[in-house]
Each structure stands twice: as C-alpha cells, then as structure tokens.
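Sharing a structure with you now.
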Amino acid sequence: MDTERTKPLPGDFAIWIFIFAELMVFGVLFIAYAVTRSLHREEFAYYQQFLDRETGALNTLLLITSSYFVVKAVLAIKQDKVQQCVNGLGLALLCGCGFLVAKTLEFSDKFSAGIRLSTNTFYMFYLSLTFFHFMHVILGMVILAAILFKARAGAYNHREHTGVETGASYWHMVDLVWIILFPLVYIIR
Amino acid sequence: MKYQSQLVAKNYFIAAILLFTGQILFGLIMGLQYVVGDFLFPEIPFNVARMVHTNLLIVWLLFAFMGAAYFLVPEESERELYAPWLATLMFWIFLIAGALTVIGYLLFTYSDLAALTRNELFPTMGREFLEQPTITKIGIVIVALAFIFNIGMTVLTGRKTVISLVLLTGLVGLAVFFLFSFYNPDNLVLDKYYWWWVVHLWVEGVWELILGSILAFVLIKVTGVDREVIEKWLYIIIAMTLITGIIGTGHHYFWIGTPDYWQWLGSVFSAMEPIPFFMMTLFAFNMVNKRRREHPNKAAVLWALGTAVMAFLGAGVWGFLHTLAPVNFYTHGTQITAAHGHMAFYGAYVMISLTIISYAMPIMRGRTANGEKAQVLEMWSFWLMTIAMVFITLFLTAAGILQVYLQRFTEDPVPFMVAQQKIEIFYWLREFTGLVFLIGLVLYIYSFFVKEENVAA
Amino acid sequence: MRETFTKSMARNIYYGGAVFFFLLFLALTYDTHQVLPSGDNHEAINEVVALGKKVWEENDCIGCHTLLGEGAYFAPELGNVYTRFGESTDAIKLFIKSRPAKGVPGRRSMPQFNLTDEELEAIAQFLKYVDGIKTARDWPPNIQG
Amino acid sequence: MDHSVSTRLHHSVNTWAHQQTRAKRIWFALMFLTVFVYTCGRFGFSSQWFVILVLASSLLKGYWIIAEYMGLRQVARKWRWLVQGWLVLVIVLIVIIHQL
C-alpha cells in the first residue's frame, strides 16, 4: 500500500484549487463563529436551544451515506461497471435531496418565526453558515448530476474516469465541512 | 504584426499615454494643494483637480483596454477586425467626448456644467468617479456597445481562444456594471450600495479579467510557453478573483448603513482577495522561468513581471492591511485608503496598460522590439515610476497612520484640519516623489522618440 | 505520476464559481433590501432632503469631503457634521454661506458656492438626514469624523 | 505476458473487493459515531468532556473522509497533510477557543 503514496490528487487538479479555497473560507468562518461565541456565550447558548438537532443529526447521516454511495460509484467505474456507477450517483443524489428537504423545512420554520440574518449575531452566523453550506450542497448535486448523465452516456470507463473522481472529491468536501459545522453550531454550547 | 487592422490600436495607445500625462499633472496640482491650500484657488479648486485626475485615469485606462483588445483580438481570432472603420470612428468620438468633458470641468463651475448638460432631467452627476455629465455617460455606453459589438463579432466569427473569451466577458461585464451609474436614488444608502456595483465590481471584478487576459496574451508571446498551460492558469486565477471578489464587495458595506453581517462576510472574503493576485505573481514568474525563447523586447517582460508584483503589493497586501472590519473602522476614508488606491491602480491597471503598449507599440511601428537604447530608457522609466509609486504609497500610509491616530484613536481626538497640518511633512514628501514619477513618465515618452540604427526587425 | 489538470475543468470552475458567488451576492442583496428600512433613515427623506442631495451632487462636494467615509480626503467627514455643529442646521448654513470667495491665503478653503436660501436649507437638511442613518458601531468613530 | 495480465487483473479485482469492504466498514463506523454522539447528547451530557467527545468524533470522522473517501491515503504526503492539517487546525482552534 505504501508504495502507492505517490498518486496525484484524485480527479482534476483544478477542482482541488477550488476545494482548498472553499476549505479556507469555511475554516475562517468556523473560527470567526467560535470566537464570537466565546464573546457572547449566554446569547449563543440561549438561541442554540431552538435549533433542531434531530434534523441536524439526520442530515449528517444522509450526507455520510451519500458520500458512501459516491465512493461506491467511483469504485464501480474503475471496474467499468457503468450501471453500478450510475446507481451510486443516483442514490447519492437522492440522499442529497433528502438533505435539501430537511434543511428547507428547518429554514422555513426559522423564517416563518421571523428570523433573519439581522435578527441577532447568533442567527447571523447560524443562517450564513448553514445557508452557505446549503448552497454548496446544491452545487455539489449539480456536479454529481452532470457526472451521472455523462456516465450514463458512457463517457467514463476504467481508464478515463477523472470526471467522476473530480465530482466525488467536491462532494466529500461538502460532507467534510458539514461534519464540523453540525457539532459546532448545533451541539457545542 | 499579423493583421493590418491591429493598427487601429495605435491611436488608442497614443491617446492613453497623453491622457496619462494629463492625469499625472493634475495629480501634482492636487498634491501641492494638499500643502499649499490656496494654490490655483479659486480657478481650479481641489475637487475639480481631483475630478480631472480620477476621470482621466478611468478614461485613459479604458483607451488602453480598448487598444489592447483591438490589438490582441485579431491575432487571437486569426482574422481581421470585424469593422476597423468603426474602431477608428469610436476612437474619435470617445476622444472628443472625453476632451469636451474635461474641458467642461475646467471651464465651468461644476453646478453650471450640471445646468448646461441638463442634469436635472436625469441626475447622475456628482458622485465619486461618476462625475461625468449624464450625456457623457450615455456616450460612454454607446462607445462601449459599439466597441463590444466590434470585438464580439471578431471573436465569435474567428478562432475562439480562452484569452479572447475571457477578455470579452470582462468587457461585457464592464459595460453591464457601468449601467448602475444611471441609478441614483434619493436614499443615500441605496445610492452607495449600487455605486459600488460600478466601482468595486469593476476594479476588483471584471477589470481583473481584462488584466488577466492581457497578461496571459503578453506572456504567451514573450515566453513561448504552451498556450494550454497559460490558459488554464488564467481560468483558475480569474475564477479565484470572482470567488473572492464578488462577496468581497462587502468590505465596502461596513459603515454605510447596511446590515452588520457584511462586516463578517466582507472581512472574510476580502481577506482572500490577495490570493488571486499572489497566484498571478507566481504564474508570471513561473512562465518567464520556463520560457522557451528569449524575446528581444526585454522591457515588455519587465513590465509584465512588474505588473504581477505590484498588483499583488498594491491590491493584495495594501488592500488586506485595512480590509478587516475592526481595522477599517479606524482607517475608512483616510489617507490609508488613498495609499492603497494609488498603488493598486498603478500596480494592476496602469502597469498592465504599459505592458501591452510596451509589447505592441514596437510591433505596430514595424519591429519586434525597440533598440537597445530605447529599451534601456524604458526600463529606467519603469524603475523610476515604480519606485516613486512605492514611496508615494509609503508616505501616504505614514500620513494615514498618523491621521488615524490623531483624529480617531487618541483619547482626545483633534479636528480633521488640525490633524492634516500635523502630517504636512508627508504630503511634501509625497509631492516630491510625485515629481520623480513625472520624470519617469517623461523618460517613458522620450523612449518612443529615440532614433537608432540596427534595430531588430 | 502526472496530475490531471484540464482546461475544461478550470473553465467550469471559473463559470460555476462566478455564477455561484454572484447568486449568493444577489441573495444577500435581497436580504439587505429587506433590512435596510430599519436603519437607513428613509423616513426623513422628503422633498427638501431630495433637493439637498441634488445640491450636494451638483456642487461636487464629494470631490473634497468624505460622506460616510467615501469621497475625497481633502476636507472633513460630513456624515456626522450635523452632530459636530451642535445639531444645528443654522450653523451648517452659516458656515457654507460665509466662505470667502477668494479663499484663505495659504490654506485650504471651501469655495463660495452662492447657494440660494432654499438650497442652503436643503443641503443642511440633507446632512441632517445623513447623520440620522444608523451605521454599524455608530461610525464615524468620534465626533471629529 | 498473458500470465502477467491475469495476475494484475486478479490483483486489481482483489483490491477492488477489499476497497468495497473497506468503504462499507468506514460507512458503518461513521454512522455509528454519529448516532453514538447524538445519543450521548440526548442523555444530556453537556460538560466540557462532552464537547471534547463531540469534537474528537468530528476529528475522527473527518480523518476517515479525507483518507478513505477522498482517497488521500494513497496520495503524495504534502496534499494529504494539507487537508488533514486544515482539519486538525480548525478543530484544535475550536477547542482552544472554547476553553478560553
């Protein structure tokens, strides 16, 4: 296994530049959240109570599962199993849809309670972080869908599957970010 | 020169340099007014000098961008320009309109100019950088549309390269965002909000696409590096520009009555804005190091590398210095802003314009590169202007730091004018450095007239 | 091993990234529009203030002064000038009216604009309105602007 | 030549099955950690230790996603360290800021 440690980054290098930039933005936003929270402990703890942890946890499971399906899709295409690859991507998209539905319900609940970005500092962070991530999920799904259609059209095989790996890498990044975002905003008080 | 119609660029470049000279002269007038308050008062009050200084800058950069487009697009598209006559016609219209506007600024009191051009019918005047009478603004739109039509038809009917497409999107964005200059509500907050859609989305958005594509073009030509490599880096750099720069607009929404969340979003995204500039520096040096040919035009290579470095310093580093909201709280609207503005404009847009002029002018005059003597002079002018600009920036930064301290930071803040008097020394130093800059510019112009034998054809 | 780094992927990131962040910007703009009425002091805008803004613009005041930090850095910040002048529009009017036409020898001075009484009132009311805009952290940092 | 191709094929199928199982195990582990931490939260743990537990589980999950799902385990070290370094840095900073 160790001999393989020289592989290049999976997928197109261009997506990795984008991923690094995104990780940086999220990293800075996370730290900004943590610092602000430590300055307004009571306010944050108070409003955190109203966040829906159940949906949050469910969303974590959905994203993890969709990531797993994406991994399966990548493994499948490496063996020329196009149908399996398409299935994997389709299931991943389905999980993504589940995430979007749950999140939309959560947002509409908050919006109907009159909560906006300017309501207070906590909601400003909560909404910008989760909404920013929400848009990344949509973007990731657009990418996965594009790959799915290309895969179905037979554009990928065991030799040429950079596209699948590219989309997969981006999708895992979206998952990775949520893995930190969820406990940070919903759990830690 | 591969295509005859590229020659229309020549007029544009000459006009650009002339207007640049005018800009610098008015800059010196303003600089002197900073310390000798009644200099030329009331004939040319400061606001008029400033209007001429900034408007000439914008207009000459537009001339340079248009010239650059007319020069590089035929070569990229591998065909003659769609309508060379239109380019020449637009040149004269733009030049005359620009000249008339500047003469209007100088001959009339601004309020008389407003009355004369019937500003009350469609008021758009009197906002920073957008001081032009409404009729001039409409003229700019018409010229821009004719220009984009001409370039667009050439690009779309010829070979489509990344460079020409990126340039085209940059130019279209330039025209589209300029339309927000016609929106001038009574509500000052909204006015300012959309004013930045012109100003910020120009200089920290679409203009960077233009900058990137011109730089990429020149680098391909002078280094001989594979187009494929240069083009994908161009894409990545401008992608980073827009990813950081669009939300980065938020750093202008800190203190104008807009919601508080802009402080966070503006700070975070604009803190990333140096990244594309840094990538551009790496890119330019990498390409030059990997060069496959020694281009005889050393001066153009120097300008290209200079652009990459100075754009990073001016726009990247000096921008970052005061972009975080807690810092900007103190520095907003002080000489720190002026310092950043000077180096960023010089480093990014002035230098890229001089890069393409330096590369294209000898070719349009029938040679690959100027002779030894002219190039040496041009490099001298490069160093004089660049070093002068570094010092102007440093002096203004020093002035700004003191101003912030005296007027905003101490326990017992002093009034604006008192603070200004205490930092006078830096304004004097800035003015002398400005003279050095002017000497550099004179040398630059002189380098066009050096007569030499044995010039490489 | 060679990296894969294709131009088409770089292009997709350029277009995708630009559209993505521009949409985000539009969403934020929408939200800003929703929130603005609570702090932009729009209720103070009337015909006099609107005329005042025209007077402000048609005399190119921004060419020397800053207003909420934007403009030229040659003359004082005017976003809080109403407070600085003791919350008196009369003081503002008097100041503008009393500028010497020939300037002050050796010093920076404001031109004499020869405004009518109506225009004077309008510009003063405009500056009062601007002072009422609720800026974050009550910018400018202090009364000196 | 035939021989070498068949061994390579055999080898790759083997790794493939292996990778399949591995991905599934990681998935189970990720799901388990999520549910476990969530249950702990349900039972009302909210001390400092709970925070550490939550962030440690995030660290572990992030590590797996980077190394296994993103596939950086086999990638040149500098890239792997860059991404994992980001993860560690962010989580450590969160912990430190939380303790302040």
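By written order: A, B, C and D. Residues from 1 in each chain.
Keep in mind that, in the parts below, a contact is a pair of C-beta atoms (placed from the backbone, for glycine too) under 8 Å apart; a residue touches a chain by one contact, two chains touch by 3 or more.
Since the model is a prediction, treat every value here as computed from it, not as a measurement.
Summarising the inter-chain contacts, the pair of chains with the most C-beta pairs in contact is B-C. Subunit A and subunit D have Cα centroids lying 15 Å from one another.
Once the centre of each chain is set as its mean CA position, subunit C and subunit D turn out to be 51 Å apart. If you average the CA atoms of subunit B and of subunit C, the two centres end up 23 Å from each other. Here the CA centre of subunit B is 48 Å from the CA centre of subunit D.
Multi-chain contact residues of subunit B, defined as those touching 2 or more other chains: 232, 235-236, 239, 243, 259-261, 265.
The residues of subunit C that reach two or more other chains are 5-6, 10, 13, 17, 20, 24, 31, 35, listed in rising order. Multi-chain contact residues of subunit A (touching two or more other chains): 6-9, 14, 17-18, 24, 117-118. If you draw each protein chain as a dot and join the dots that touch, the picture is not a line, a loop, a star, or fully joined; it has some other shape. Pairs of chains that satisfy the touch definition comprise A-B, A-C, A-D, B-C.
Put simply, subunit B touches subunit C in their complex at residues 30, 33-34, 36-38, 41-42, 45-48, 50-51, 110-111, 114-115, 119-120, 123, 125-128, 131, 162, 184, 186-190, 192-193, 228, 231-233, 235-236, 238-239, 242-243, 246-247, 249-250, 253-263, 265, 329-330, 332-335, 337-338, 407-409, 413-417, 419-420.
Contacts from subunit A toward subunit D in the complex involve residues 1, 4-10, 16, 20, 23-24, 27, 30-31, 34-35, 37-38, 53, 57, 60-61, 64-65, 67-68, 70-72, 74-75, 78-79, 165, 168-169, 172-173, 175-176, 179-180, 183-184, 187-189.
Within the complex formed with subunit B, the subunit A residues making contact are 14, 17-18, 21, 24-25, 28-29, 32, 117-118, 121, 124-125, 128. Residues of subunit B that touch subunit A in their complex: 232, 235-236, 239-240, 243-244, 259-261, 264-265, 268-269, 271-272, 275. Subunit C contributes residues 1-6, 9-10, 12-13, 16-17, 20, 23-24, 27, 31, 34-35, 38 to its touches with subunit A in the complex.
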